[in-house]
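There are two complexes below, and they share chain A, which is joined by chain B in the first and by chain C in the second.
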Partner chain A sequence: MRDPTFWILARATGLTAYTLMTVAVLAGLVLKSRPFGRALKAASVTDVHRFLSLLALGAVAIHGAALVLDSTVKIGPSALLVPGLAPYRPVWTGFGVVSAELAALIVLSFSLRGKIGAKAWRKLHWATYLVFAAATVHGLGAGTDSAHSWAFAFYLAAVGSVVFATAWRALTRTPRPTTQGGTRVRDRDRSLAL
Partner chain B sequence: MYEIVIDRSLCSGFAACAELAPDVFEVDVGGKATVRVGRSDDPTVLDAAAACPMAAIQVIEREAA
Partner chain C sequence: MTSHVGRLYALALALFVFFLTWATVAAHPWSARATPRADPRAAALAARQVRLRHESVVVARIVRRRWAIYRKHLRRRQQQIAAVNRANAAAARQDKLAASAAAAPAVSASPAAPPSVRVVSLPPVTVTRTS
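Coming up: the complex of A and B.
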């Protein structure tokens, strides 16, 4: 009988990676909108955001490795790098490959901020929305469990929370302390700039 | 009197400091925060330092000369 260990591992790490990425994105969005005010220290949220992003990438790496090691579907190492090369649901798995590669680039860019500059780094960070969208499409299209109602509810909750947090960040102003000495805080930068 | 030091290697241009204390901080053309004035009496600089997502701002309290 075929050993289902790697197949189950691949499915579990896929969902785990998606969960970690969603929470990482939410932590990133909280950095700007600060819905919890002073209760959360900005630098600590950054640490959580970075740590969860790395954990998500780690889960993606296990997800890919498990798919190569599993024999349910024939996925070679090259299919993990080239979108559309996997014989199993090639379009949907392709979304996963693009999402993972872009995510790796964004995580790597944090360490390269000194070289690429803060502005370019912030622009690249916008691609996180593409990563999230591609991962969602990948999960819904390629995921074995996506036909279940619980899986649909899971993706709906993730997308809903990210859309809500994005809207919150776009619409709410950064909490500002009462300024002293008649200093007025300039009313600017209410945009979505990171 | 507060002395303000920014570690620009940490700054990622979130501009939280410039939003909170625009008289003290500004974001330069490279997208990084700089100090307009190195010293200030305005306690808002403490909020700006706490709001920095990268913990790039250090505020040192000095006795007024």
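Coming up: the complex of A and C.
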């Protein structure tokens, strides 16, 4: 009988990556809208936001590796990089590949912010919504467990929470950062919050 | 600024979510597919049992309805028969009374008289023998 360990690992890490990505997006939105007031330090939230993004990317990497190692679906290493090469539901898996690559680019941009500039970094960061949407479509379309009601409820809860947080953020007005005691708030500190 | 506590919580969340999803995916705790596949013959028998039970309920309902209609008709018919019997009995009684009433004067007009005896004298018996 075939060993399902890698198959289960791929599914579990896929769902874990999606959860971590959702929480990372929520943390990013919390940075700007500040629903908890000053209870959470912006710098700490930023650090957790970055760390969650890295963890999500790590889970995505394990997800891809497990899919390559598993024999249930024949997926080669090239299918992890080029959208549409996977023989299993190529369109939906393609969404996953695009989402993962874009997520890697955004996570990488954290370190390259100084080089690319805060403005470009902020514009690139808007692509997070695209990453989240593509990951959701990938999960719903290619996920083995998407047919189950619990999985559907999970995706619905994730999308609902992000939509709610985005709406909250859009409706909440935050004053533009100004000088504090004569010194201007560092561009780095304010630009991290979209 | 590195938030060690925040990172610890994030890592704990990641591990918790990973093991939870692993358990969910592997064990299917809320899935109907998690239950072992039943023997198809047993499943067919169970389905047949359910169907028969349903049919028996339907048949019992039909029988009850027909039995109620039959009893109603029977009661009506018995009443009709009883009415006809009563009418017949009354007619018979009337006929009897009428017959007895018609026969009564004839009986009183000719009472049963003793048969009349007539005395006759017959000639004497004579034997003539020639030899």
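By definition in this document, the second predicted complex is superposed on the first by the 175 of 194 C-alpha atoms of A that agree within 3 Å, B and C clash if a C-alpha of one lies under 4 Å from a C-alpha of the other, contacts with A are read in each partner's own complex, and residues count from 1 in each chain.
In the analysis below, contacts are C-beta pairs under 8 Å (C-beta built on N, C-alpha and C of every residue); 3 or more make two chains touch, one makes a residue touch a chain.
This one's a predicted model, so the numbers in the text were calculated from it and none came from an experiment.
Visitor: Tell me which partner A:59 touches in the superposition: chain B (first), chain C (second), both or neither.
Guide: In the superposition, A:59 contacts chain C only.
Visitor: Using the superposition on chain A described above, determine whether A:111 touches chain B (first), chain C (second), both, or neither.
Guide: Once the two structures are laid over each other on A, A:111 reaches no partner at all.
Visitor: Quick check on the superposed pair: does A:38 touch chain B, chain C, both, or neither? Answer first, second, both or neither.
Guide: The answer is first: A:38 touches chain B but not chain C.
Visitor: Now for A:148: first (chain B), second (chain C), both, or neither, which partner does it touch?
Guide: After superposition on chain A, A:148 lies in contact with chain C alone.
Visitor: Is A:15 touching anything from chain B or chain C once the two structures are fitted on A? First, second, both or neither.
Guide: second
Visitor: May I ask you to decide whether A:23 touches chain B, chain C, both, or neither, giving the answer as first, second, both or neither?
Guide: A:23 sits against chain C, while chain B stays out of touch.
Visitor: Counting only touches as set out at the top, which of chain B and chain C does A:122 meet: first, second, both, neither?
Guide: In the superposition, A:122 touches chain B alone.
Visitor: Show which residues of chain A both chain B and chain C reach, each in its own complex.
Guide: Residues common to the chain A contacts of chain C and of chain B are 41, 43, 45, listed in rising order.
Visitor: Going by the contact rule set out above, which residues of chain B touch chain A in the complex?
Guide: Listed in rising order, the residues of chain B that touch chain A are 9, 11-16, 18-20, 22-23, 30-32, 42-44, 47, 50-55.
Visitor: Along chain A, where are the residues that touch chain B in the complex?
Guide: Result: residues 31-32, 34, 38, 41-43, 45-46, 113-114, 117-119, 121-122, 174, 176-177, 179-181, 183, 185-186, 188-189, 193-194 of chain A touch chain B.
Visitor: Please give the residue numbers of chain A that touch chain C in the complex, ascending.
Guide: On the chain A side, the touching residues are 4, 8-9, 11-13, 15-16, 19-20, 23, 41, 43-45, 47-48, 51-52, 55, 59, 145, 148-150.
Visitor: Under the stated contact criterion, what part of chain C meets chain A in this complex?
Guide: 1-3, 5-7, 9-11, 13-14, 17-18, 21-22, 24-26, 28, 30-31
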